[in-house]
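These are the structures, in structure tokens.
Presented sequentially are two complexes of chain A, the first with chain B as partner and the second with chain C.
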Partner chain A sequence: MSNASSYIRIDNVSRRYGAFKALDDVSLDISKEEFIAILGPSGSGKSTLLRLIAGLDRPTEGRIHFEGKDVTELAPHKRGIGMVFQEFLLFPHRTVRENLAFPLRMRNEAKGEIEERVEWVAGILSLSTMLDRYPSQLSGGQQQRVALGRGLVARPTLLLLDEPLANLDRELRQEMEIEIRRYQKQLGIPFIYVTHNQEEALSMSDRIAVINNGRLEALGERQAIYDHPQTPFVARFVGKSSKFQGVVEPDGATVRLTRHDYEFALPSDKTFKPGDAVEIFVKNERFDITPKQHGGAGIPSKVVDVVLRGPFLEYVLETDRGDTVIAVKPKRNDPIPLQERVLLSWNPADCHIFKDGADDARR
Partner chain B sequence: MSPSFTDSLIKWTLAAFLALVFAFLYMPIVHILFASLSTRPNFPYPPEFNVASYVRLSTNTVYQSAFLNSLLLASCTAVLSTVLGFLATVGVLRFAGKRALIYAIFFAAPLFVSEILLGISSMALYYMLFELQGNMLTAIIANAVHCFSFCFLIMAAMLYKYDWRMNEAAIVCGASPLRSFFEVMLPITWPGIMGSLITAFVLSLNGLDVSFYLLGATPTMPSVAWGALRYGVKPELYALSSLINIIVFAMIIALLVAIRLKRKAV
Partner chain C sequence: MQDANLQRRLILNIPTAFLLLFFVLPLTALVVLSFWQTENYKIVHDWTLMNYTTLATEGAYITFFLRSLVMAVGVSVTLVALAWPIAYFIVRYGGRYRIIFSLLLVIPFLSGEVLRLIALQGMLGPAGLVNGALIRMGAAPLRMIMYSNAASFIAFIYLYLPLVVTTVYLSLINFDFRLAHAASACGANRFRIFTEVVWPLNLSGTIVGFMLAFIPTLSASLVPRFLGGPNGTLYGMSMAQQFGESGTWALGAAMGVVLFLFSAVALAILSYGVDLRRTGFTGLGRQ
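Up next is the complex of A and B:
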């Protein structure tokens, strides 16, 4: 992965605050034209990583390279980056036009060039009609666009986005997700997008870096991160899933759930010793539900609620042991009726199995 | 009583009260104006319009130098105490962390020391420690000490609401720290800084006690007025006060007009 041609290179970077490790030995290579999401819960160190890339903070150890040049000690205003903040941080005493022109003025561009670039960025972000307004006169979505425009206007080396959609309502967020991704493809510069929202990360990025407790938990194509999580944390954090406890049977080829009467074959690529305690994660959309009268294997449950989510149905199931499990299925005209007794099962190849306590063992 | 009658009664009572308040505020000032324009300054009623005192003022060098000294003292004090107060505010709000309140209390505490004591102790201390004679410089320093706490309080109230990441937003846009201060932080926090400058200016322009002990023979406006009380107030002093008042009012009106014009332009 690590090579000289990578556009942005983060090399064994750590950041300590006293004894606390906000970021612990993170390495990441980002190529030009890549949209990478840095995904993690709050306090995981993802924003620290972004601040280190921006130069607003310095790493305790490790180096950061832009286009093969070491920028670790370079002041943030000389790095030629763009950045979009969660709270937008538009300059309230300046009009939209002046906000957009600000990065160009700071780079001492010629007047004609500034006008041209502001027109250009206002054009692609549909801001042309509001250039003379003040930020306080704009809606949240419009402020977001101005923030994005200010980040992009001066041809930055890369754009850093720190939860830029967190303050927008749901509908606008989905609209902006598509737009932001489009700008990235159009401009051909890397976007580094920090978020705690796994849906945003999945819908926008090419690759996802999952960060937890200051460490890089996983890095890969978004599909791979979603379908083949390598750690229990990633399995739990990316996508919506349910967790079960199980034990490997003496034959070493079957897993039996501890709380439920269900067993399934251990996928052949997994090797556990007989008697190993394991954690099993199943994505909500990977469950099979069969009516109980059809017979077969599965966790005996009953349907306690059905939630309509557009083209999908969310079945809220209660197992006989009293646990709640949510199973997502495509919408049908004849949904399983409420209170129906069903068997909950899954294809062994679709679940993710980890040794119990694997998360703690890594620490 | 009909409701409309009660309403208008309340309205007129309040209006009368407002007029009374303004009268008490401005009667002494108007009295000085009348006194400066009258040939009988001790009881200038009915008002006259005689500019003799203004003509005499133009030749009175003591009053002129008192005015200039006061202006110099007040301007320097305003700038010095505002700069120091700004730095203190930034330190407390930005870097003091958990101890911010303790620092803030110690920065504000000198407010409660009486001015006259501060004047006497500054005079004694500066002489003892630095062998500094009372002069303009020591007066500015002592006044700045006194005004600093006011400036600190005014700017802390304003900067408390300031989002420090605004500076970071400017810096990632390519602004150097200095430029981000002048282009972003200063314009946003300008009302607080302006308030601090004005307050320090007015306090040191009118403050008698601190300057009195440190300036000695150098006349300032308050010290001349104080001295005049003992030897009879001359109409020229009324003229000078009136001029200052008129200038201040003109500046306030100009400021209001400028704000109105700017708002219309938006």
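Up next is the complex of A and C:
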């Protein structure tokens, strides 16, 4: 049953609160040295999963194994985990040094060892100059680093991170994303990172587990999750995309949009019956925009706004039917002018097509 | 601008005037009186240290004081030990009834102290509920709780328990219990979560509760008078007698000064002995 590469094994775990299924039959194998993101909207059950792994809550059904050992009934303090919380939850009555030493003291380490480990972790996280301050005297980013240090100092089996960057400003967040990933590679223990922010999940993790309505919606390499979503939910939730409704034409090889005058060839790997209603998701950066006077196929639209996003331009387009679509293109010196009439199209291989109502059928 | 200044001054000055008039002035009068004399129910304006000498040398007063001190420490420590589990239970498991539970604690206050003491007298006295039942069942009555220091002790616990529970409750309800989760994830077991996180972070609230029981117990006069019996005279009761039956007001004033100074010192020791930052106090409220 247990396979060699699964360091952490989550086996058919469910958690119910009365009639409400917070988590429904989730299985997940995590290998050592893996950075896995658990991604889902708020209320999806991702934090419940994290609390179950930490031992702060018990599953209604299913087992959890660490290194082949069943820890399902073990109290949190016996699991050898590190945890970083969204609200940091540093001990306000203890200095940074004491906060960092706390997990070591709880494991009754020798005094010399504690000092050594605190120095070590303070070194990695550049906290050495503020060891004698209290948490209230630190900035948000510094508090976050202390929280990380406290999670890492006692050589945990794994580190659980519960939206650790949600309370930081954008710039700091991006800096910390790189840092956190670096620590994970350096320490060689699995990081389980819970977030509702798909950018964080994509930028840091090796694999992504997408959770929705308590179920594991998708699990895979981040690139695969992004480029080849297996369900409409994943297509909608990961990356920024626009959704269109369509119908498969009688020939079974073409899709025609219901609201727009545009049709494209059904990719050969998709099998739908003629007349099937389908949902089409196109990532914002996968759109082609061509000026209308050039002719060709596409959804007739006009440019209503152009937003500069660093090296990218975000074209806000309004279709003839009044829908708003955002298309992202690399920045050019001659952007398409405002109010220009354009045709919006995409390479059929770049869009994701699902049978209409596929999300509901799974529920 | 001028208006704002005036307003600020008024807001500051009214309580200042109140405190001067009703707190500082009487206290000063008390201190002055304690250095005078009373003879035949008259005040003699001779400056003397005699009152203090009497208090420091006469065995009865030393006994009263030590008895009061032991009583106050015992009562306050017991109250903290009792109040914590009660308050903890209300905060953790009271759910939406928490506020009702905490209001229930106030109900005894609606009746007045004397009434409550008379009720207790009925409970603990020779023919009271407890001993009456014991005698009915053919058992020997509990002499310990009849007009004794034990009876006073029970009364103090009864009187001040709601105060201490309420202060600890208010402290715990503002405590972020997620810190306990954090400690648990850091490897702390239940006992260490309590000693390392929950207790220190609620220490300032607990000290307030302790003092709210300690100071009135130290100077109590009603409880020993109703329940203390022949060997139950406490310092505060003796002080009240100086102002009443014996008419030795100056000695009573000196006892008042001693009590005041002692309470002030106890307060100072507790508040300076505790580094507020070590109780998570930042002066900024909960962040």
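Points worth noting:
The rule we apply is simple: the second predicted complex is superposed on the first by the 359 of 363 C-alpha atoms of A that agree within 3 Å, B and C clash if a C-alpha of one lies under 4 Å from a C-alpha of the other, contacts with A are read in each partner's own complex, and residues count from 1 in each chain.
Assume a residue touches a chain if its C-beta (ideal position, glycine included) is under 8 Å from a C-beta of that chain, and two chains touch if they have at least 3 such contacts.
Quick caveat, the model's predicted, so the values are computed rather than measured.
Aligning the two structures on chain A places chain B and chain C in clashing positions. Touch criterion not met for A:141: it reaches neither chain B nor chain C.
In the overlay built on the shared chain, the residue A:93 is in contact with chain B and with chain C.
In the superposition on chain A, A:54 makes contact with both chain B and chain C. In the superposition on chain A, A:106 makes contact with both chain B and chain C. With both structures placed on the common chain, the touch criterion links A:291 to neither chain B nor chain C.
Residues 54, 56, 75-77, 80-83, 85, 87, 89, 91-93, 102-103, 106-107, 134, 150, 154, 160 of chain A contact both chain B in one complex and chain C in the other.
The touching residues of chain C, counted against chain A in their complex, run 176, 178-179, 181-189, 192, 196-197, 200-201, 277-280, 282, 284, 287.
Listed in rising order, the residues of chain A touching chain B in the complex are 54, 56, 75-78, 80-83, 85, 87, 89, 91-93, 102-103, 106-107, 134, 150, 154, 160.
Here chain B touches chain A in the complex through residues 163, 165-166, 168-177, 179-180, 183-184, 187-188, 266, going by the rule given at the top.
Across the complex, chain A meets chain C through its residues 54-56, 75-77, 80-83, 85, 87, 89-93, 102-103, 106-107, 134, 136, 150-151, 154, 160.
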